[in-house]
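Look at the two complexes coming up: subunit A is in both, with subunit B in one and subunit C in the other.
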Partner chain A sequence: MQIRPILSALSRNKTGAILIALQIALTMTIIVNSVFMIQDRRGQMDRASGIDEANTFIYSYSGFAEDFNEKTQIPEDLNYIRQLPGVVDAVQTNSAPLTGGGWSMGLATEQGADADGVGTAIYFVDSHGLDAFGVNLLAGRNFTPDEVIWRERSETKWPGQGIITKELASDMFDGDWQAALGKTVFIAETHPINIVGIVEKMQAPWNGWNGIERTLLFPSQLLFGSGRVMVRTEPGERDRLMREVEEGLVANYDGRLIRRVQSMEEIRENSYRNHNGMNTILTTLIVCLTVITALGIVGLASFSVNRRKKQIGTRRALGARKIDIMRYFMLENFLITSFGVIVGAGMTIGLNMLLVNALDLPKLDWYYVPAGMVVLWLIGQLAVYGPAKKACQISPALATRSV
Partner chain B sequence: MLSYYLRLALLSIKRNPILSTLMVAAIAVGIGASMTTITVNYAMGSDPVPHKSDELFAVQVDSWDPNNPFREPNIAPDQMTYMDAMALMKSAPAKRQTAMTKTFAVIEPEDRDVRPFETTGRATYGDFFQMFEPPFLYGNGWSRESDDNLEMVTVLSRETNEKLFGGDNSVGKFVRIGGRNYKVVGVLDHYRPVPKYYDVTNGPFRDPEDYYIPFNLVAAFELSRAGNTNCWKPNNEEGFQGFLNSECVWIQFWAELPTKSEQEDYLAFLNNYANQQKELGRFPRPLNNHIQSVMQWMELQGVVDDGAQVVMWLSIMFLLVCLLNTIGLLLTKFSTKAGEIGLRRALGASKRTLFLQHIIESAMIGVAGGCVGLFLAWGGLQGIGALFGNEVQHLVRLDVTMMFTAILLAIVSALLAGIYPTWRACNIQPAVQLKTQ
Partner chain C sequence: MLKMSNIKKVFRTEVVETHALRDFSLHVKEGEFVAVTGPSGSGKTTFLNIAGLLETFTDGDYLLDGVDVRNLNDNQRSQLRNEKIGFIFQSFNLIPDLNLFDNVDVPLRYRTMNSKERKERIEHALETVGLVNRMKHIPSQLSGGQQQRVAIARALAGSPRFLLADEPTGNLDSEMAESVMSLLEDINSKGTTIIMVTHDLKLAQRTPRAIAVKDGRVTELSHVVEPVIDIATAKPAMA
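Then we have the complex of A and B:
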């Protein structure tokens, strides 16, 4: 329909149109990239850790008294916790998924310093490990109690058995994870490990690491003077047991400090605190930006309606219907927005490319751009609806008044 | 004359309350968002020791894996091996220097009613206190002799001293750390450099440690370490001694080198040392030794978070959108005044006068927007503090510099936004306007 008169009207007053188009282009660039970054973080946060997070908690202990004997105290503590009603199992470990601190080593399928290694996180557990973490054993077997050895802080040897995650197995054996079972791999260049089991999923402690799904379990109990214990409970019993375990342990023996008793849910929240914070900031930015841009459109559109009151009156007097006036303004806005979103699409992709280079952010999925265009078209149309509605209320009589 | 213009501007602002509010709001939101993120980035990248940051140097020697750099692109390790740190402490030519690491231990108060508590400590040389100049409440640091003689001395943080001694002067008293008695030689006052530049490896925005002890005690007592450790070569030697002799890096190393010639000498010493080690079969990589001043070090270690930077640039773009918005609104506003301007031009007002008058109006909107924006920024910083917790508490403070920056940014933005609309308004043909009246 009447595109040509709109265009010629626009060309007589370019500034306002260019301002809005530019604003829309920038808004689109920011919004689309922000939404993409938010989704990227959400995706990371949605990854399962592989352990029974809802029903587990973890605490740290450090021995300080002279009579603190870790070799007897750890089994005593673990036996005490395991017999408590409501406890499924407990295990001493060096770390856990999402905690942010842990141990990593390189594993290779061949012996020697030049063999290509794959980095993996390491957890030390005893034969209760799988049960206490609540991970799912896909193939092979658990550690037997007599495979579990004591490990001093400065130990340089490694246990002969290991359980690995499916992802690590698949990375080491060219995608065929089942092939890993029973094979020997090497740690610290020369020490052989027999893979006795493969678990479905168990994350490494660092959520920003790109090898987060690569984990190796070793059958060892640690004599480091301080460490962590993971406790898994029956559903609904966790909060009660977090208190009871702490009080019970201190009552049994007070030569070691029990601290940081935290549920896995708290640990997850802390772990992704920056992700959550950043997403909140970006969301706020998006909302403010949308409101500001919409208000800007309303302001400029109202202005242009005011200025054209007489023309509108004249057109109405000459037989234009309300809907025609309405349509004029809606279409005008659509044209300006279209120009804005086309420029915006280019800028959006440009900014994404910058982010990919500077921050290793993934590439924008193609559908974000058209989706952003549609959203901005909608915002534009909604914003202009009010002023356009007002414009079509202008009475034809106005045209005759002050002339 | 100025006060007259101000009054005129105020009148004009009052005449279109909705439009004026919109403009102030647009500038305020833009300033609020960008100042919030600029403040956080500014604090992250601020100079923690302005009077000395060109004299303190992080020392890097590249003892890493022949096949892979410590970090791409060919960046030397951020920490040092025990062997290298000891060799440098012994003979490197610095005014002051220190090797240090993070440790942890349970402190047992004498008062039986206070539960033992877990603390982190910094094992360092006595030079630490003169190099980084933490403020002392009581006493002093320790000497090189104390270091050499493995004296069991400690400097406590103010907080630890409050917990243990109720804040009293505890110099000369003993404190039981990790099952051993140490004599207190000093107590620090509040000390919290942002960033914690002397150990960014273990978190640039972490709190300083609870106590300080001589570094040599780490090896003597085989103390547990709390900090980051990186190894490239498997360590096959048994025991703690084996660890000390390994190629693992776990020591932060700093030197104070006030003059250019001292800096050159020191670097020459490092290269010479590395060449000697090459002859012994160590240092398999090409020479890659550096001394980095405090700010160079912050840059190299990426102390300013990438995410924070992205958000800052996004919010600056956001400010730009707000400005475009304001330009549009001002155009609108001034065009409603075309008649008035035409009349005044016809009555003899010069373009210059009119320009000045309207630009003052823009500036007033800028000031108003800046003030509201400052409040928004303050609220935004509180929000960030709540979202990110403890580690950012010292990054979310608006200081005087930032407040002035905010107001200035607001005025400049408003003036920039005002120039084009004002110029256009002043170029109105009086005759045309008068005709239509």
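Then we have the complex of A and C:
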């Protein structure tokens, strides 16, 4: 191995090597953190919402006619939709997962202003809610029709029953989600709610919220003048029914506006548009940095080969085989890259700590740093291969020429 | 030791053929010190490159220490160069970023030799040229004569069967040239075969045997005796 003489030679020509090593360090810092951010976002995007997204669509309505009576019209609409062939169920609701808008409140296991609360999203549904969303009831029961109450916008009272997600139950009862069933919890400090059911999963409307898995369903129908209706269909029937429902509703009654008829797939896409955009930017950044760094390595190695042609010829004359020359340049690059990735490892962790503190990003998983080092080593070796190959083609006869 | 018979070397481009060596024949015996002289473009360097396995030849036969080099591949030629030939170049060809110790170490690193043996050989070679106390210096800290001594130490460290010297005093003043020539004579007196390409007829005169090369052929093959023969212009005297 020629490590010592290579290091000795590098120490006498440090500038180029240090600049490339720093470029490698910077590239590693940005690439590793970017990949981590991309993976983190992908992880968020891949989370299941808990509802039957593939077969569900949602529309908004808004009554504008003087004769619009929400208390009669909404049940009429829901009955019309539910009897359509291909419809599994439908429910009026205030919001849905991934829509980005909804209600949240604090829930506590004890009454009073001083009690520690857990934030939760709230969905208002009737006894068709579980079926219409397609969520899986793990324990307890669904709401009964007589538990469902009408709720005005100005209403301050809360229903006496609630169904919560397993995650919320677990957060409120020290990890023992089953203990929540039948228990009374409190909303708005004093109002008691009996937990009658626990569903496996149903996300809150906000994809960036750290309590996204905490959700509470209340048995209420809304009298807000406008709202949303969630429709679940048989597999393969959704797109047809999206058109049919909209047309049918308008044909039945034209005193309310039907708009934003969207599949859950569209809602998911819109919801994660920023994530997708940021991932595209970060991916472009990674590609650009990788190419720039690789070109930097190629440039330094090519310059180094051209500067040392006579030296390479001399080495060949003194007995170096082509593979020895190749190895020399590969090893030299490996040492420069190693310096870069070691510095880069520190910088990567430093930047992540900064991002954790400033942007509340998660802590970097330990394996990202060694994986980044390996990738940068590989990029370095691939980048130097061409110049090294060129170097080993230099004739030993060059040693006797005056160049 | 070195036997070349009817060696031809033709450099070809798309439009021109250059005959650098034509029926070049030479036999150098073990322990000889042979000077090769000739005008610029005569084929001296091509001869040196072929003799040192730095270049291939177009036709002819070449036996180096009993080995027919004609069909050797690049790796075999490299190995043969490393083990049997020591090179001394006009411009020393030391690696400027390495100290003297590491410079002398260069050819040894291409052998399977442990570090202890390499160290002993390097120190011995540098001692032979009188520079053992400067082994941590880099070439730019030395005079031209000292640099050429380091190059000689590098050539000697691998205990080659013969040395090929390409204008070894060409870049040195007369005092340093004399010192280097004395060193080469001393090395030859200990049994190492030396072939030295030179323009300097006075140096050629000092060697026991000199040949002249002109137009790619050996034109004079004689032992140099007083008075000095201008072998570059002399007519062929021997076959």
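The criterion applied here is as follows: the second predicted complex is superposed on the first by the 402 of 403 C-alpha atoms of A that agree within 3 Å, B and C clash if a C-alpha of one lies under 4 Å from a C-alpha of the other, contacts with A are read in each partner's own complex, and residues count from 1 in each chain.
By our rule, a residue touches a chain if its C-beta (ideal position, glycine included) is under 8 Å from a C-beta of that chain, and two chains touch if they have at least 3 such contacts.
For clarity, every value in this text was computed on a predicted model and none was experimentally measured.
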Mind checking subunit B and subunit C on superposed subunit A, clash or fit? fit
Spatial angle subunit C-subunit A-subunit B, Cα centroids [nearest 10 degrees]: 90
Which partner chains sit in contact with A:N69 here, subunit B, subunit C, both or neither? Use first/second/both/neither. neither
By the touch definition at the top of the document, which applies to A:Q44: first (subunit B), second (subunit C), both, or neither? neither
Which holds for A:Q178: it touches subunit B only (first), subunit C only (second), both, or neither? neither
Tell me which partner A:R273 touches in the superposition: subunit B (first), subunit C (second), both or neither. first
Touched partner set for A:R321, first subunit B, second subunit C, both or neither: second
Looking only at contacts as defined up top, I'd like to know whether subunit B or subunit C touches more of subunit A. B
Scan A:N194 for contacts with subunit B and subunit C and give back first, second, both or neither. neither
Determine, under the contact definition given at the top, whether A:A9 touches first (subunit B), second (subunit C), both, or neither. second
If you stack the two complexes on chain A, which partner ends up touching A:T29: first (subunit B), second (subunit C), both, or neither? first
Across all Cα pairs of subunit B and subunit C, what is the smallest distance in the superposition, given in whole Å? 10
Which subunit A residues contact subunit B in one complex and subunit C in the other? none
Residue ranges of subunit A touching subunit C (in the complex, touch as defined): 2, 4-5, 8-9, 12-13, 310-311, 314-324, 395-397, 399-402
Considering only the defined contacts, which subunit B positions touch subunit A in the complex? 19, 22, 25-26, 29-30, 33, 67, 104-106, 108, 115-118, 178-179, 224, 234-240, 242-243, 306-307, 310-311, 314-315, 317-318, 320-322, 324-325, 327-329, 331-332, 335-336, 383-384, 387-389, 420, 424
Quick one: which bits of subunit A touch subunit B in the complex? Just the residue numbers, please. 15-16, 19-20, 22-23, 26-27, 29-30, 33-34, 37, 62, 64, 66, 114, 153-154, 156, 188-190, 224-226, 257, 259, 273-274, 276-278, 280-282, 284-285, 288-289, 292-293, 295-296, 299-300, 302-303, 306-307, 355, 358-359
Would you pull the subunit C residues touching subunit A in the complex into a rising list? 45, 48-49, 52-55, 74-75, 78-79, 81-83, 87, 89-91, 93, 95-99, 102, 105-107, 109-111, 138, 154, 158, 166
